[in-house]
């Protein structure tokens, strides 16, 4: 059984210290049908750990960007653990995300935790306000401990869901959504499974949360709790990625991005204990929707990270065009402009959402939900088009190029170097490396994060459309049109008042 | 000859006062081959004056949005005359622009002046700093006088250009660009013509500025000056708009938007005098490019106004769908969401540019140029798609509907009301009005502002692509890609340093 | 009462003869609240008549393209009256449509009639086959008479529809759909109204048809009949178009396209008689859907005409770029290529539908319905983008240019010619003409046909999506995927057999 | 040395016979740094052989589609070896291509050979006509022998190109383009390398051809010849594909498409002999451009195959939506319609090109080049969007799903089956298979063919834009616009005559 207080472990202050902190844990991780002895040493897993480590190293190199002084401990900690106290804080999250995207070319796996912490800050506060519970102070205690350790926290939200047309309590198998299986005096036990959990194995703690709006009969599904990732009863099944095995071939060219990758796994909970102190929701089904909405509002704007990954791909496209000797063609330049235009649109709509942030009751700042959804909706399309354009500039060789093993063969290697060279003076191997990087980001391991996760993470395209639809203030806009068209109106201010209530700070007033 | 000091006229504080201030001026305006006696009373011109008047009325209704306390006069004046002292000021410009777009459904014609004033604040300062001139204090004196009057100022930039492949001094006819034709002790005389001048006839003063980068031989084209719009030697030729004559038919339905429209005219200068006090550039050709760049940086983001016009069109589309009885069809709702997604993208990228503003040397804040260009580039496409979608929801009747005259005929009017009704309970006339509003905004008078001007105002699409291309920091991005691809680099920090110099505040640092 | 046989009038063999044939008819046409004395002489109507006249003149100049030898009369007649006897006939319809689009730059108004005749050929045959009626021979008699006269026939399909959520018989007012109001021994009387009837006033005869699938209780709405357009009881209310009054200003520049335009009107039927001989459906409600589907299958592919109009707009964009002196810029050339790519996509998908035609039971060839819908669906978008690109190349002057009246004023005319000139050697007036043509096609009169009608004619975008959805053979395609994925299947050949039945000739067989 | 006559081997009549025909050849193929002993038995190569085999099997099952009676041998042979004698032949190529795309979900590798044979038929004829050579009869002899064997022929066109800004003879290394290194009485020797050669290892013979327009100094690069793929002096280096090693893991689920894949390799020629009888161009540099243009005209339309692959992906998307339990959501159906609309646009523009074919001088039919380029240009974009939409319907599990090895573990397998199930009644394994198929087609092995090859095969996007630009008849279209705008013209029929000369049969005539 896990202890009900968090042991005072040493504060993690660098990528190296972080990596060391992961060694020797008692994790049950399955990969290719086998238990992984030490994830840290597994060549397919290690690059995903490196990406998280970079979040610590960036905080050392650029502390104003990637660190803050914790108001809870007065010590410098990662910005990923910080509760936003201003719109500046929201914006700096985005700038840090873009930078980390640039430095890793992949998903660095810490945004879910960051956005979950910020969501819980306000939601626990509002739950307590309504019900007289003490979740918020529990949460602050937990957060203080995390700040002390400067730990990595992941957020576990997406359930496996079973039959999507049924709510949790109507599922044939109650485990289709994570739920409380048992209450004791000291805490609760949970069961179920969470799908595609980003960076879970690379975290120290995880925050379990409900994945959708719940009703009265779904009470035991309304659970939020924090638990160490190596808690008893947890099993991880590692997700395959495109080209994942190239990391296990021993080379460093064909992988494309030798150092960094993302990570997703399925997490199975079999009667896992969470002590009361770490339970932040227990049956308040009527707050599930609010928590999900807060979280997605933050998280859909966190996809600004993809503009950082996009920077890498734009750079790769520009580099390969140069290596191919065609950098000056007007259509090449125009495609780079187009890629930039798309990439900056992601960035612009994302930071606009942050800039338009406003305080919630707990003091934690929330970003503009309309623009957050607009941003994420672009993210479901634009990286695909940026990816396509990068392949356009790369040329077909990207998918017909021989393996790096060929380079090592004296005869074949010489032939390849002779025939695959591009612009004079550029080593053929450099050209091959650049092509493999583009392959990595558009078809290979990091295409998972740059493309498919951009599509589905934080909600699939349709979920953004639903949210945009809810917030688009049609009654107000119809009124504008009717005034200009010269149509007389019975006053519908009441309708408008309802429409405007609560959704977002940027509502338009009725004249 | 105009006086070299500005007479102390009464401060304008309302739309009505503004309209009165225009009466009885000695303007030479040609329209349909004839001199217009009093523009104010011309049915085709009046709606454009109403749109400017609304900028005053909004300042009364929402002073925090559309007015400021002038730091020069300590009186409340229009935000359009204010020099931005913070990013908040930049952002509030955008919010005011969106609101005015919503309230008028057209171009309210004051952004060019606003953006010109802000550009000149920093550029005159930097000219003086380099050359020891006193343009900045002249400019401040002028600005103070304008604040006192709370006047409308337009900005005259776009020359007619003649052969676009030649610089001004190589043109066969020197008048293809406005230039100084004569210097006297008291001031200068200018000649030439400016094309498509927005709201010029509705302004009190205009600011003449060069339209492009100039060379040493173009010295006399490097001229900036302020002059009253009724200065001797100025002729206006009014521009036709689609469906403009409907305003002269006497009805109020077929016009679509009975109250508001935009205005553009050609302005001919024939030896027009500007006293020294109102000259803010006289030969400093090397600052022409900076002025143009500053101006377009502000102005490309000012196209956020189109998101306000877009709000009207989204409202009109929602209203007509309801009147047609199809508001609940899923494809209808989806199209409204799509229109909103596009519209908010314009808004989001625009305000992001403003939020990311930074101070220039004079203290005046400038917005982020990359995002400003990204915003305007979307504006060259998205209103067209929003317009198309609004026509989709309108139905074909929008372009086959009989004239409002038919409604007045007892027999035909009855037939029309019988056959053109949509959803029960909606008066047929209301449905016709809404269709005419959509026609007005997508084919008629206000399509000029919402579509074609969105395409070409503040620079045609290619000019944004050129600017985006200049600022896209490819060397920095190539470096990111090479690091991740495992390519060894000779250090190219020097190249990067050059790339990063000066362009914008948001540059990425080299790790 | 109209005669029950068609009088033997002279065969029309030229545009001039056609125009003369229209004079002196007893039509009741309302426009701007007044009865039009002679449509032929009305400056706003005449250009639409000219467009129809060009269909005759083209038949003289290029008989193989625009004429055929009638198999019914053995004389040369317009291809618009011909029943397709081969895929070549279908394809030649498209080639003639493109050519006429090129020659008129607008809608020449005869395709509805052509597609209605072809649809009725097979549907009357199949009705007779099932019910033992004699509609097909009646139809052939009527068609023979039309061939003899070489007349213009329009097709009247779109009802005004009232509450769109209700079928005809449930409408509060029975007149919302055209229906039989009375039966006599000699024929039937119809009442109701048809909306946006293309070219109705310029036709000799019209074919009234139901607009949608009908049920048993809609029997009296299941009516098809031919009647002269000047039949007693018919009233026309002329539809306004953007900038329509420019045709009445007396000039020839501001109109953009001085000679040609489209025409749409509302048609009101008040107890209009149709003799039995000209009734081709009377109560066969179960064939209404088939008729509509046949008609839209032909007609959605007839929108190939827009590629001809597009050719004009591409030419205008290329010409104005040249006149502006920028024809050689790479981005200009690229935009012309893009316009062509889009335009040829419309053409390509349209003629592919024709080429894949197949015979119906009556011998009349029908085009491929999937590709017909694919073609029309592109037409709802691509002309808008081509239009936008043409405005991009035109420049802002298109919407700020003074009126042609200004050119006539000695002083102002001289100023305009000086300042509005572009590339050396090009008369300013030519440049103005080209700008007005682009305005005409993208905002003015012919934008109605090129844009909004492209969106809604032959069914709005959603109607094509519904048809594409019906024909996309998902069961067959799921089977393909399952085979390749290695999924075992219970045999679902029965399901497939149903899916494949009847829809179109190009179905994929089950292996 | 290869014999100068082709030995009479047994005619290949089935997939099985084809596979057997490949065994035991003396090919030098490198893969992962090692010589492949027998390509046929290599698990990574075999699926690409299966795809070719399906071309034989389809010819057995649907002979009218995939076979013809050879006019040279009067025996039934593969349509891939047939010279088109009609537009029907061109269209049937497309229908066969779509069907094979449906059946294999990948590239079946025979179109290059087919299009090369058809191009050479007319080009050899026209060379002989001009120069009195006898290439055409040599070619016919060769073709007859191929018909007799019913062999697989690949076409080798794309050179490695070196510095792309230089013509072949100016390259530092002459081997950057394949060229004649030596002439003997009996024939020629060639050296150089061809990049990304589709299906080369799976062919019996290859046709070597120049890759671009050549000048007088490039004479020795103007070479066309046929040679057995196992000729002495040829080395193959196998190209890697995304996820290629999954074929070597031993399972059958994670591969996605267990049976079929594409193949590309680099081919190195080191003094390879071609006897005179098989040389079809030797120095006629002025015919290189014509050959390339003919070939790309055929080949860009051959990308209709991707609509067949698209059918599989649409089917997979529909199947996974059903398995996820969301098939009835309106946005799901709409996305399937959108995918179909795009897919049929590829098909429609491709077959339109074929239908508009016309005979060349040799009697061989050539397809319409404008529409061929329009088709291919869509292929460079639409499959990416179809792919994105398929991922949208798939859901994120596609990229986070555990490996098939997990399924075999008793405990983990049971957990997976419990938690990864979708709609009731669908085996979890089936759902996993369908997800892996979509991964295979959008990120994995077959994404190479469906996406990147769609982008670059038969010329990258810019090459189509150049061709479209050349054929767009701007002079003709400008003339149309000028006529309608009322601009007087000096007659420019001469210019037009030049523009119209030769390019394509579908030119518009001057009125």
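Order of writing sets the labels: A, B, C and D. Residues in every chain begin at 1.
FYI, a contact is a pair of C-beta atoms (placed from the backbone, for glycine too) under 8 Å apart; a residue touches a chain by one contact, two chains touch by 3 or more.
Just so we're clear, the structure is a prediction, and the values are computed from it rather than from any experiment.
In this assembly, D is the chain whose CA centroid lies farthest from the centroid of chain B. Over half of the residue numbers at the chain C-chain D interface are used by both copies of the sequence. The distance from the centre of chain A to the centre of chain B, each centre being the mean of the chain's C-alpha atoms, comes to 39 Å.
Put simply, the C-alpha centre of chain A and that of chain C have 51 angstrom between them.
Within chain C, residues 331, 334, 465 each touch two or more of the remaining chains. Partner chain B is touched in their complex by these residues of chain C: 30-34, 158, 160, 162-165, 172-173, 175-176, 193, 195-196, 235, 237-243, 245-246, 249, 254, 264-266, 268, 324-326, 329, 331, 380-381, 384-385, 388, 391-392, 395-403, 405-406, 408-409, 412, 415-416, 418-424, 439, 443-444, 447-448, 451-453, 455-457, 460-462, 465. Contact residues on chain A toward chain B in their complex (touch as defined above): 61-62, 91, 99, 102-105, 252-253, 256-260, 311-316, 318-319, 322, 333-334, 336-337, 340-341, 344-345, 347-349, 351-353, 355-356, 370-371, 374-375, 377-378, 430, 433-434, 436-437, 465, 468-469, 472, 474, 476-482, 484-487, 508-509, 511. Interface of chain D with chain B (complex): residues 330-331, 334.
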